[in-house]
Structure formats: C-alpha cells, structure tokens
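There are structures below to look over.
Each of the next two complexes has subunit A plus one other chain: subunit B in the first, subunit C in the second.
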Partner chain A sequence: MLDRAPQGTQDETRPRPVAFRGAGFTPSAGRYSGWIALALVIGFWQLAGSAGWVNALFLPPPSAIVAAIYKLALSGALWQHLSWSVMRIGSGWILGTAAGIIVGFGIGLSTLARGVGITFISALFPIPKIALLPLLILWLGIGEEPKIATIALGVFFSTAISVYSGVDAVPRNLIRMAQSFNVPFHLIVRRVIWPGALPSILAGFRITASVALLLVVSAEMIGAQYGIGAFVLQAGNLMQTDQLLAAVVILSVFGLVVGKGINLLEARLLHWR
Partner chain B sequence: MDLIADHISHRFGTLDVLDQVSFTVRAGEVVAIVGPSGCGKSTLLSILGGLLRPREGQAELRGAPPAGSLNPLTFVFQDFALLPWCTVEANVEFPLVHTALGISERRAVVDDALRRTGLTDFRGAYPKQLSGGMRQRVGIARALAVRPAILLMDEPLSALDSQTRELLMEDFIRLLADGSMGAVYVTHNLEEAVRLADRIVVLSRRPGRVREVVTIPMTRDERGDINARGKLLAIQNDLWSLIREEAIDAEREVQHA
Partner chain C sequence: MTGFARLAVAALLAIAASGIARADDALKAKIGVLRLSSSAPVFIAQDKGYFREVGLDIELKFFDAAQPIAVATTSGDVDFGVTAVTAGLYNLAGKGTLKVIGGMSREKAGYPLIGYFASNNAYAAGLKTPKDLAGKRIAVTQVGSSFHYSLGLLADKYGFKLADIKVLPLQSLSNAAAALKGETVDAALLPVSTARTLMDSDGAKLLGWVGDETPWQLGAVFASPKTLTNTALVTKLLGALVRADREYHDVILASVKDGKAAINDKTKPLLEIIAKYTNLPVEQVVGNCAYIDPDGKLDVKNVANQISWLQEQGFVDKGFGVDAIIAKEYVKAD
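Moving on, here comes the complex of A and B:
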C-alpha cells in the first residue's frame, strides 16, 4: 500500500494532450444557412395561410403575394408605379449625391467651408426630411419637384458627412508625400484624396440608397398618384393586403438590387483593399 | 548643391523641440542625425525638406541642383507612404505625372528606377501584396525617379526586420556610392549611422541642439572591410556614450508623460 503513488497524481507522470480552449468567437455565415432559414419561414407562413391558422385578409400567404405580383406585372401597373418611383429616387439621389460630394470635399479641404459647413450640417441633419415636404410643396408646387427635393435633401446630408469623414480619414502622410514631390493641389485631390476617401463615400452610398427608398415611399404616400408608395397606401385603404405586400416585396427586391450594385461598384473600385 | 540648416528652432505649442540647430550637408555628402527619442530628429528633417515651417531660422539651399533633377530634396519615409490603390509602377510614376516629361520619357525613368531597385518583376503588384522591405524599395525607386540631389531619409529601416534592414542597407550603400546623391539620414540606430554617414550630427535631448558632429574617418568602401569593424564599433560606442544618459532621461520622460 505504501509503495503506491497517491490516487490522483498517478496520471501526472504520463504525457497527456494540452486541452484545447481556443474555440468560438469566430462566427462565419454558412453558405446556405440563410437561404434555408428563409425558405423555412416562407414555408411556415404558407402553411399557416393554407391551413387557415391566419386570416388571409390580414396576412395573405406567399403564394397570394406572388400571384398579386404576377397580375400587377401583366397589367402593366407594376411598371407604371415602379418607373415613377425609380425616376424620383434616381433624380433625387443624383442631385443629393452631387451636392453632398461637392460640399463634403469643401468641408474636408477648406478651413472656411469646414467652420461654416459643419455647423449647418449638424443643425439640419437631424431634421426628418419628410417633415419638410409640405414646405417644399409650398415653395416648388405640387409636381415632382418637392418629392425629388425631399429625397435630394435626405441624401445630401448623409453624403456630405460620409465624404468629409472620408477626406479626413485619408492618411496625412500620403498628402505630405505628394507635397514633398511638389504635386499640385488639384492632382493631390484627384490622385490621393479622392481614391483615399472612396471607401467612405461608397459606404455612404449604401446608407443614402436606403434613405432615398424610405423617403420616396413616404413622399409618394403624402402626395402622388403613381409610385410604389402611392400604391401601398391605396392597397391599404382598399384592404388589398396581397397587393400591399406585393409592393413591399418589390421594394425589398429593389433595395437588394441597389445593394448588389453597390457591392459590384466596391469590388471594381476598391479592388486594391 | 548644399543644404544648410541655419539656426533652426521649433516649438509645438509650449513644447520646445529644436533649438538653434545649424549644420551643412555638402553636395554628395551623407549626414546622419542621431539623438535620444523625441529630440526632434524627424521634425528637423520635415523642416529641411520644406514640409514644416520652423519658428526661427530656416533651411537653405546653396548652389544649383544637378542637371535633370526634378525634385532636388526628396523624402524616403519611415512608413513608405505608398498609394495603396496604385501598382508599384504607378507609385513610382506618381511624382512624374505633373512634370514636363513625356509619356515615353516617364516610362524610361520608371523602368530605370525599378531596375535599380530590383522591382522590375513586381511592377504590376499592389503595395499590400509586398513585404515591408519590398515596399520600402518602392519608396526608394519613387525617390530615385525624380533624380534627387539630396535624399531626406526618415528612419527608412525602422519598420523592417533585421535581415531586411541589412539587405536595404547594402542597397543604400550601393546607391550612394558614386557621390552623385547626398542624403540626410535620420535614425536612432547608431550602427546604421556609422555604416552609412560621412558625418553624424548628434542632437541633445529635447529641445534638440547640436551636441557634436562626428566625422567618420574612412570611406564607405573601407567600412565594408572586416578590419574596419573594430574602429567602427569604437565610434559607435563613443556615440552611445554621448547619448546614453540623455536617452535614459528621455525614456523616463516619456513614461511619466
């Protein structure tokens, strides 16, 4: 008995593997898991509708929504509403983005513009732009202009902020390097600051695309005959929930397409990252 | 063309960093600037290269730059300062785009700079694809492309590992061998200073003043000889004894800050 090693220390003389403790904290999205989850939710939703667990008037099943989209596409109403919305988003976004880039670069490069611009942007950015629509209607009339101006305003502030943040984030050592070679100001802006600020500008595009979508729907709900927002409101008033959700799905697809477009733009312009 | 530091003083806010620094870098000469941390070495280099306006004194040039020099005072940066969205070739070409050189001339200059730095096979690569040593070679090729009279080198090897440092040091010695180009070489590494410089300006701790100017009594070729090692080591030790006490004070000051 006395010759035996005490219980518990017997194994300590033998080599044993070091316990692995570095697991976790590295989440990675599976390739198909998202799609499978989406299909499951849609399947359950369809089942709930088909089995009569949910009143189709309040939540029409996916099949009814697909049918509504199909009918809208065939009748031409879908294209009519969509084309008006796309026209408004496109015009408003381009105007707001162009102005935002100019002002953002001004703030990023000029002391005077920074002093004035940041104060104004800080004061005006938090205002929900849709609240300005009635005022814009008074100023610009009841046509397309106030709706486009509302979208442009919403896009402008976010763009200006992302542009001057991007300009600020360009490493100063790159600018000093260019100056040390006597590179003129306009070439420093074009060849150093613009590409350096581009990642932030493109990230801003992602935000402004969703801002534009939100504002177009809101503006069209307030005063438009055609457009996805007007269609959603009209379908709601008539309790045509399948058509209402069809429009929501179209908006979602539109948002996804724009997001994919920005992904492509990033892959093309920021391939050096 | 000589570069003269004429009673340069500078201050950041209430912090005096340089005090009446004067010395001359003669044409083709390599001058190293050493001193304890925070003594204003890099600030001095920025002032010499016109990137920072001194509070007092000035940097001056005397004599004409060599014929064909597009940028007589050219920096080589510690962090390489490469444009990440440009290929190696485009980075080297960057300082030439606004010059009067035609496209074919530009291409020839870039080819020559890439060849001299061993980058010809990497011309299409982006900086992120290169090792630290290769990135600094791009920085050197870019500097060579504008045919400088004086290279202003701000700790060009400090971001690199010791083996890469050794290889690049050999490149510097080769590039500076013919005396057509001078250099101001800021470093905290005394071995680099002793191997490369004709003269070493030792700055005191902040505010940096010229404490001593040490002349290395042999050519760079002679320094490569194994028999010269002892002599170089002795100079290095002398420099260290000049700096050591102040380096300790400077380190404590940083820790207390």
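Moving on, here comes the complex of A and C:
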C-alpha cells in the first residue's frame, strides 16, 4: 500500500557529497550568557520600579530588596535567622537522609523489606506534611522536634525512593560476578552496590536538599521566633513585601550554595566515572 | 427564524432596560467582610435594605482572614473593607493605598471577644489571672496580630516587659488551640468562638477577657483613595452603616448581660440576620456580640497608640502617623 518514491530519477552510482549531520544536540553551558540574561531581567525590573510603572508595594524593585537584606544583616537578625534555619535544615536533612539510605538499601536488598517498605512509602509519601501540623504539635510539642521532624519526613521519602531505585539499577552481572568469586555479602554491598548506586543517590540529594529548603517555611510555622521561614511568614503577614522578597532571595541563594556543594561532592565521589 | 428574531429583539430590550435600571442607581460598590459577628452592622444594613434605601447597590464579598481584605481593597477588587485592623493593614495604609473612614468592633468591658486562656497544667501551677502571664509561653496566631497587640497592652497595664513573655506564633487558631490542649504552651489568646469548644471539652481555663483588661479599637471601615473621591458614595454608605450601628447597639448590645445577648421578640430578628450571614446558630451568636459604637466613631487615640506600638516592635514601617492613614473628612473621632 505504501507508495515508494520513484527511485529511477536518481543516479545511484555517483556518490553525493553530504555535510556531516550527526553532531547531535550538544548545548554547552555558555560562560556569560546566563549572567547577562539575569542582569538584563534585573535591570528591567529596577527600571520598571524606578520609573513608577509598577507600584513598589506589588513588586518592590531590586534596590529595595538589597536595602532590606543590608538592613537585616546590619541589625544582626539575618545571622540569627540563618543560623536557626541552617540548624533545622541540617539536622532534619541528615536524619531524613540517614533513615532514607538505610530503608532504601533494605528495600533494594531484601524481599521482606521490599514488600513492606514500598507499600508504606507509597501510602505515606503523598500526605501533605502541613496537614499534619496540629497533630505534630500534639505529639511533639512546639520545640525543635516537630520542626526537624517535618523536614526529616519530607527528606526521608525522596531519599528512600532514590536509594532503592539506585540499588535496583546496579548492573546484575557485576553482583553475580562478585558472588561467583565468593565475595562476602558486606563487601559486595560496600564495593559493588554502594558505588553503583551512588550516582542515583547523589541525584536524590540534589532533590532532597531543595525539599528541605521548601519545607523549612512550613516547619517554622510551628512557633518559631527565628528562622528564614519564620521571617518569610512574618513579612507576608505584615505585608512588608520588600522583606518578603529579601527572604526569598536569601532562600534561593542558600539553594544555589547547597547545589554547588553537591556538585563538589559529586566530583569527589564520582571521579571514577 | 422569526422566533429567533423575536428572541433577539427581546434580548436587546432586556439589555436596554437593564441599562436604564443601572442608570437609576449608579452607586454600586463591593464590601469585603469576614463572616464574623464583629461585622454585624454590615449584615443588618444589607439585609434590612438600609443601603438600598439611600440608593446604593451593595455586594458583599466574603473572606476568611482580615489580611486579604486589606489587600483586595488596595488592589481595587473590593471598594470598602470592614475588618480588624492589623499590622499588614497599617503597612498598606502607610504607603497611601488605603485610608480608614470609620470605626467598627471594639474590645470593651462586658463584651467578650478575645480571651486569655491557660492550659490545665499551667492553671494548676498557679496561672490564674491575666497578670500572671508575665514570663510565660504564650501562643498567638501571628506576630503583629490583634492577639500580639493585646498582649503588649497587658504588659503595659501590669508593668512587665513584653520581652519577658515568650510569644509563639503558630499561624492558625487551630494550631494555637492544639498547642494549648497538648500542654506545650502555658497560655494562648483565642477568640471566644474558637475557645468555646476547648472550654466545653475542659481543654483550657479562661483567665479573663481582653475587653475587661485593656479596651481598644479592634475593627474599622476602610477604602482606597480612589473610592474616597466619590464623596456621595462614601457619605451614603457610612450613613447607612451608622443607622445599622445604632440599631445593633440599642437592640442587641443593650440586652447583653454576663457577656450574652438576650433572645427575645426584639432581638430575635436581628440575631437571625447575624446568624444567617455568620453561618452560626442563634444560640452561639448571642455569646459572641462585639461592641460597636452607636455612632460609628473611631477611637483615634488608640489607633495612634497601635501604630506607634507596632512601629516600635518593627512590625510597621516607620515614618507615618495616624493622620496619614485616616480620612479626616469622614471619621468621627471618639
């Protein structure tokens, strides 16, 4: 049924010169283009603010945001907010990650843990942690525990999922070969499975670090006097939009720093790739 | 086809007629309110047609928190706002995007609105009166809220420092109630409507009412500068509201005894109106009647005090006073 294009029209014996076409799409990260685009957007934003095109209340210009950050830094409140948040994010992330790695390896290596674990993770992962805030307050009070628990819970599920899919993705023939050479179980885990799963675990870290940053705002809904999240909430409640955006900028800079840190970690741990 | 033509003509006529009707009462406006009895005069004026009688076509827009009403007034989604004055509202007003034009609910002795509540353990350990709140851990909804300011007034009254109190913002009333019931805070400031279920289930002890300790101006009527240029609209609206204020005051507030309004032939019709708009049974409305000045007056001195207190705490931007946020031509000062 398919009509073939008539082939007789081309002279098939003569070679036709064709330019190389199979280069693929290789977008290389330009050194400056990103920064230039960012500078242009910020410049336009500032212009819109200073020229009075938009009300400073609805969109504070970058200069007002920088001034708000400067004032915060000067008063010392910025460091207080940052140190509390770093403590909460750090301890919550470490707890959630440690538990996630253990559970993830369990699911990846044991049949029983797999059956039980995947069911529970699928059932509990989609629960919005904010909906549980009143319960968390009743269970854990309003000290640091519920704040850290909120972050740890959010981090735990993503980590567990990325760890067990990383373990699943380790080439089976490598494991079989180690087993044939009678390598003990703990050595197979340490020397074969752990390095094999590491790329996927580190990709998981990248996501969970952002999840921890997202959750710090909801964690600090629970009776926090200091913390970047508490500051975001306060600025929103008080309609201090410049301070609100200042806190948002601080959060995203924090995210950038963490991302760079994970880049370094990847370069160190995955140099064998 | 002729049927269709007739329909089209009818539609055209209808549009023309509605156009004429619109020309008749040109003064349309939207009011943003909460479904709380502290806005009772707005509901009475709407339900009994006081707005219509002065030639206003008012639409009520309901919100679930005070702050969004101020924002909606600023952005022009509603023309007038009636709600509690908050730090956020003052920050908006300070930038000139809205002005206060009249008074609404007040904390006043004998009219329970916001109360101080102690957890059972703290009560057993000797927290019996509002004076004892010094040095305790107290839950509020948000920093700079009405609850926070009430604590500041209490601190001034009894001569302790607000810094001695550990104020814990829990973001919502349900969180604050949970913290109180779970004994993780010593006390909380809650509105009577939230606290009733707690008290009924013996989850907290009442220490006193803010109105009895430190009366202050809680709610106000406000509008954007653009709305204020329409003098006829604003004057008529305030006139109709004062008429309802007066009726609410003389009928319901006059019958309040031990913090509860009486249910009788006189009060029943008004209570039913409030019940309808607040979605509460009449039996609950009677214990929840905010005091409102019969002439719609605003306690300007107290508003000035609120602004300077909030500025001192850093919740409101410095550099403006009460004069900048009040439309003097409309406000009747106390």
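Simple rule for what comes next: the second predicted complex is superposed on the first by the 241 of 273 C-alpha atoms of A that agree within 3 Å, B and C clash if a C-alpha of one lies under 4 Å from a C-alpha of the other, contacts with A are read in each partner's own complex, and residues count from 1 in each chain.
Here is the rule we go by: a contact is a pair of C-beta atoms (placed from the backbone, for glycine too) under 8 Å apart; a residue touches a chain by one contact, two chains touch by 3 or more.
Remember, it's a predicted structure, so these values are computed and weren't measured experimentally.
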Practice problem: Applying the touch criterion given at the start, work out whether A:Arg31 contacts subunit B, subunit C, both or neither, answering first, second, both or neither. | Solution: neither
Quiz item: Just subunit B (first), just subunit C (second), both, or neither: which does A:Arg268 touch?
Solution: neither
Quiz item: Thinking of the overlay built on chain A, is A:Arg16 touched by subunit B (first), by subunit C (second), by both, or by neither?
Solution: neither
Quiz item: Counting only touches as set out at the top, which of subunit B and subunit C does A:Asn173 meet: first, second, both, neither?
Solution: first
Quiz item: Where does A:Gly141 make contact in the superposed view: on subunit B (first), on subunit C (second), on both, or on neither?
Solution: second
Exercise. Answer with first, second, both or neither: which of subunit B and subunit C does A:Ala224 touch in the superposed model?
Key: second
Quiz item: Hey, is it subunit B or subunit C that touches more of subunit A?
Solution: C
Practice problem: Classify the contacts of A:Met239 with the two partner chains as first (subunit B alone), second (subunit C alone), both, or neither. | Solution: second
Practice problem: Under the contact definition given at the top, report the residues of subunit A touching subunit B in one complex and subunit C in the other. | Solution: none
Quiz item: Given the complex with subunit C, which residues does subunit A contribute to the contact?
Solution: 55-58, 133-135, 137-138, 141-143, 221-225, 230, 233-234, 237-240
Quiz prompt | Complex interface listing, subunit C residues touching subunit A | solution = 67, 70-71, 74-75, 86-89, 91-92, 95, 97, 139, 142-145, 166-171, 174-175, 178-179, 181-182, 184-185, 315-317
Quiz item: Quick one: in the complex, what on subunit B touches subunit A?
Solution: 49-51, 71, 73-75, 77, 79, 81, 83-86, 94-95, 97-98, 126, 128, 146
Quiz item: For the complex, which residues does subunit A have touching subunit B?
Solution: 171, 173-174, 176-184, 187, 191-192, 195-196, 272-273
